[in-house]
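Report on the structure given below.
For reference, chains read A, B, C and D in written order, and residue numbers begin at 1 within each chain.
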Amino acid sequence: MNKTWNNGAWFMVLPVLALVAFNAVIPLMTVVNYSVQETFGNNIFFFEGVKWFEEVLHSERFHAALLRQLAFTGTILLIEIPLGVMIALTMPRQGPWVSVCLVLMALPLLIPWNVVGAIWNIFALPDIGLLGRSLNGMGFDYNYTHQPVAAWFTMILMDVWHWTSLVVLLAYAGLRSIPDAYYQAAKIDSASRWAVFRYIQLPKMKRVLTIAVLLRFMDSFMIYTEPFVLTGGGPGNSTTLLSIDLVKIALGQFDLGPAAAMSIIYFLIVLLLSWVFYTLTMRSEDQS
Amino acid sequence: MKRLSWLVPAFYIFFLMLPIYWLLNMSFKTTNEILGSFTLWPTNFTVENYVAIFTDPTWYNGYINSLAYVSINTVISISAALPAAYAFSRYRFLGDKHLFFWLLTNRMAPPAVFALPFFQLYSAMNLFDTYIAVALAHCLFNIPLAVWILEGFMSGVPKEIDETAYIDGYSFPRFFVKIFMPLIASGIGVAAFFCFMFSWVELLLAKTLTSVAAKPIAAVMTRTASTSGYELGLLAAAGALTIIPGAVVIYFVRNYIAKGFALGRV
Amino acid sequence: MARIELQKVAHSYLARPAGEQDFAVKELDLTWDDGGAYALLGPSGCGKTTLLNIISGLLTPSCGQVVFNGRNVTEERPEQRNIAQVFQFPVIYDTMTVRQNLAFPLKNRHVPSDAIAARVTEIAGMIDLDSVLDRKAHNLSADQKQKISLGRGLVRSDVNAILFDEPLTVIDPHLKWQLRSQLKKLHREFAFTMVYVTHDQTEALTFADKVVVMYEGEVVQIGTPEDLFERPMHTFVGYFIGSPGMNVAPVSVEGNRAILGGYAIKLARTYADTPVGAKLELGTRPEFIRFAGNGGAKDGEGLPVTVKRVDDIGRFKVAKVELAGVPLAVVADEDTVIDGDEARIVFDPDHVHIYADSQLLEGVAQ
Amino acid sequence: MTLELRKISKQVGGETHIGDVDLTLASGTLTILLGPTLSGKTSLMRLMAGLDRPTAGQVLIDGTDVTGVPVQKRSVAMVYQQFINYPNLTVYENIASPMRVAGLNRQETDAAVRRAADLMRLTSLLDRKPLELSGGQQQRTALARAIVKGADLVLLDEPLANLDYKLREELREELPRLFSETGAIFVYATTEPTEALLLGGNTATLHEGRVTQFGATLDVYRRPVDRNTADVFSDPPMNFLAITVGGGQVTAGEQTLPATGQIAELADGRYAIGFRPNHLHLARPELPAIAVTANVAVTEITGSESFVHLDFDGQRWIALLHGIHDLEPGSAAEVFLDPGRFYVFNEDDALVAAPDPAEAA
């Protein structure tokens, strides 16, 4: 698609620019504004410079929350990406069942995030939840409302249940773009199942998998509603991820300065990690 | 192995359906039956929870409000994204690459970061507690997604079709509406599905920007769970009803789902 | 290499084909000798690709048998038939280097690595890919990629046949003749059984020792390029081979003379009993009609025609004439002068054929 | 109506796609843009249509400058190489689209559409969708749409390139009827010299964005102004032989050649002799000929003709023979050059002598 050079195209982009900038730039400026000031109420602000940033960066609480967040995101990526790809590989390529599978798999993605939390809240209760009851029935002492390990297990299982379908659908879309001739060639070269995956399917899925990992990384790193509804950050603050901690500080204790500084740091971390990941895959794509 | 391989997706779908089945199971039980006994099937089947929702204005208003701002957002996002996606797909212009990347970075903005500033911004514009507020706020992440999906579908239409239309004498607007949009109708469908979905599922911004008049169902549910005791049955029924809009919308785009999820890139 | 036989093979894409017209490939018997170069030539939709897929095992024919070297392989899948195929667009393993691509089929067959290395370098030399062996296959030109596909077949010493499905479609027109000549050279060196599907007559006639011309699911002629040019067995073959195609005109036949609009044309053979009720046609190539008056013909010789149009394409001229209202094309060499719209033409009896219902009539030589 | 391109050039990202072209096309004429892929044919056409703006120079129609006029306001029609039709409209609506946009009434549109459809033998397919049709039928739909509104300028960008070999031949027969249909200016781009010769009219040969020669098709074929034009206008490519003329002696490498025909009156110096593949004979012709030995690389058969690829001390020559000849590759063959058919080019590739058209015609 050789595109013609035409700066007139700016007029077509203006509405999008206006709407997104209004929602992104102004709030960001307010956050930046707070992050460098101190207030003791009734709207009087004192310029504090980077005091809040230092404070947040050194605060134990931020490190703990960040660590939990990285652990959570790392775990779900390690589970959901391979699981999603495996399921996509085993799906039938054509036939009536395909669209039925896709619709059913996409269902969890359509449920409001708080309802997902509520469903799992009920589903995993030790006494009246199906999962809680069967686990205890099998001899596990499982009560996610009290045991941090159980809370983490339930939170991760909920996220796998909620988002793996996105990876399956993306991987499946990537697989469907592979022309039949490639599979015929592989048969003729008597390639093994593994070789077919390694040298035909994986390279072709690279693009959509990059999108999948990027989307899953961003969404999981910023997750708030589901874990909050499920565990409220508890027991104690064992499941207080970054977003939950940030909301506690901002809306809970209402000290705007640290909350704003933490927001900026949080946003920069997401931006940085996404950018690093994006350029890594793009560069390896050009070089390959 | 090929013949048995379908077991994997079948088992995965079974795993997905379990919690939803449990939610539905709950929604047809009275609260004390839920607390009292553990039964795989409601012993005394009741629809009182659903009746309660459909009669109590605070509940069904929640649905109406949610559907309202979600539809407004979808319309705004799509109509704003269409020309922009066309520009990105057909033209090179100063800073196009950076603009496209900046749009995507907004999707990386943690909603929690923006909760408070949004509250202040929309209050200052005295838009607080209105459909427009939530619809506009959701544009933050829906417009970039819509642009990305539509640009993918648009790039599938050869540029020569545009030129043939111009040569035939079509002005740009007439070409766009009469020729181009029908060609990417599936793309518009998929983009609308995504905007609807991501706006329908979001809670944080929707809750922050509303209080009474435009309170979404999600906010109504969290209020019930925390304050008026433990009406689990009611909560389950409300939750079940929130799944329906999604299931209906996805039915319309069912054969483009895979392509849509690849954001039109495949 | 294998001797391939198709016995009573026919195929229809419909579960229950009603009649002839539902068959993509109508019943046929074909034998491809070991080491022979065959072309499947015909317009798009004539069933040639269906036939290729039947040979490669991608398609199991609705009826009939496929036999490799006497062994019935009808039910066997492609990988069991030990064939290689070059597709319409380059099918290569992008993330591998050229060397790894060529070694891939042998690695899957657990051939010892030193044997693989030797074989790969040998073949790469033959198809001159040795200079790019260690580059990633992804960023090579289309013709180099097609050579990789071919190489994956050539490295296997036990391959029964190499099938080509219009391999030159994506190649830049100016590079086509280079790849054509290389493929022909390779076939001379390897003598692998080769089946080449194309709609382009130059590719078919250049490669193949024997060309199978197909039309609407039927094999209308199998022959060497000379056969197809000199003695087309079916009016379609005459029309399809050669540019401009063979002239076909309705005639009646008496002994050794064909009557065309009242004019008699001398024939080299006599046709005693023409099938009753059959549509009789005369077929002769524009190259075998010449204008009377040059080439030392006596005056008053030849039949009168009106000249409708003369196209001068440099190396020869194509004149569109009408003999008693019947349009004919005549090829004249670049120096003949055709002026005015009246002329006389002379037919070369040895190259005038008679067709009954589009099939060639033998007739008795005088 | 005359279309005039004055000093037109087009640079894209530092690369010159079109280098100052001057062309004047009168209505009712057919002009062939002949050149290899990427020689600028499509770019020039897009400038004529107004789809792209030239970096420099002017486009004039009947003397008025229309360089800035958008394509919607120009009376132009274009057919692309890859059968471009509106996939969501039927064949009838596709053909009627330019008329409907121009706001013509129903009967007029219907009559014009049916006439164009008859001309392109599409009458039975009018209510089908383009993607249901074969390649040939899709391109006929595009052609019908191009002629239906009687535009003053009709541009055809290699319209037959994607079609089956025999289908291309059939459509090529129908094009002259199309050209005589309206008094418009027809511009036809192709890479195949045979197609240019068959369609006749005028030819502009293009090489790397420049028009090397413009004139009646046969004249450009017979008297190419330079080596580039000669090469562009012959498929298979023209054969060349480097010779040096000195002291009454004509030598090519070690072989000395008899100084007859065009090379007789050459001033001393180095030249390149060009001769077409059909003037390289494997049997001794009656006319005086120069015999040279070369060995056969490979033979290609096209049905009515055979191309014999020969190696002559490192150079690749091609001989084109009538009928079917399949020579043993690697065998040596004596080939005969006919001096009467030589084109002679001097060191900066300009034409010095060409076969005398009268004698060679």
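For this structure, a couple of remarks:
Convention: a residue touches a chain if its C-beta (ideal position, glycine included) is under 8 Å from a C-beta of that chain, and two chains touch if they have at least 3 such contacts.
All figures in this text were calculated on a predicted structure; none of them were measured in a lab.
The chains in contact with chain C and with chain D alike: there are none. If you tally contacting C-beta pairs for each pair of chains, A-B comes out on top.
Distance from the chain A centre to the chain D centre is 58 Å, each centre being the mean of its Cα atoms. Once the centre of each chain is set as its mean CA position, chain A and chain B turn out to be 16 Å apart. With centres defined as mean CA coordinates, chain C is found 58 Å away from chain A. Counting partner chains per residue, chain A shows two or more touched chains at residues 4.
Judged by the touch criterion defined above, the protein chains form a single closed ring in which each chain touches exactly two others.
Inter-chain contacts, as defined above, occur between A-B, A-C, B-D, C-D.
Remark: chain C residues 43-45, 172-174, 177, 180-181, 184-185, 188, 199-202, 205-206, 225-226, 228-230, 239-245, 285, 287, 311-315, 331, 334-335, 337 touch chain D in the complex. Those residues of chain D lying in contact with chain B across their complex are 49, 51, 70-72, 76-78, 80, 82, 84-88, 97-98, 101-102, 145, 149. Chain B contributes residues 1, 5-9, 12-13, 15-20, 22-23, 26, 34-35, 38, 40, 76, 79-81, 83-84, 86-94, 96, 99, 103, 105-118, 120-121, 136-137, 139-140, 143-144, 147, 155, 159, 197, 200-204, 217-218, 221-222, 225, 232, 235-236, 238-239, 242-243, 245-247, 249-251, 254-255, 257-259, 261-263, 265-266 to its touches with chain A in the complex.
Chain A meets chain B in the complex at residues 1-10, 12-13, 15-17, 19-20, 22-24, 26-28, 30-31, 86-87, 89-92, 97, 99, 101-115, 118-120, 122-123, 127-131, 133, 161, 164-166, 168-170, 172-174, 176-177, 193, 207-208, 211, 218, 221-222, 224-225, 229, 242-244, 246-247, 250-251, 256, 259, 263, 266-267, 270-271, 274. Residues 158, 160-161, 163-171, 174, 179, 182-183 of chain B touch chain D in their complex.
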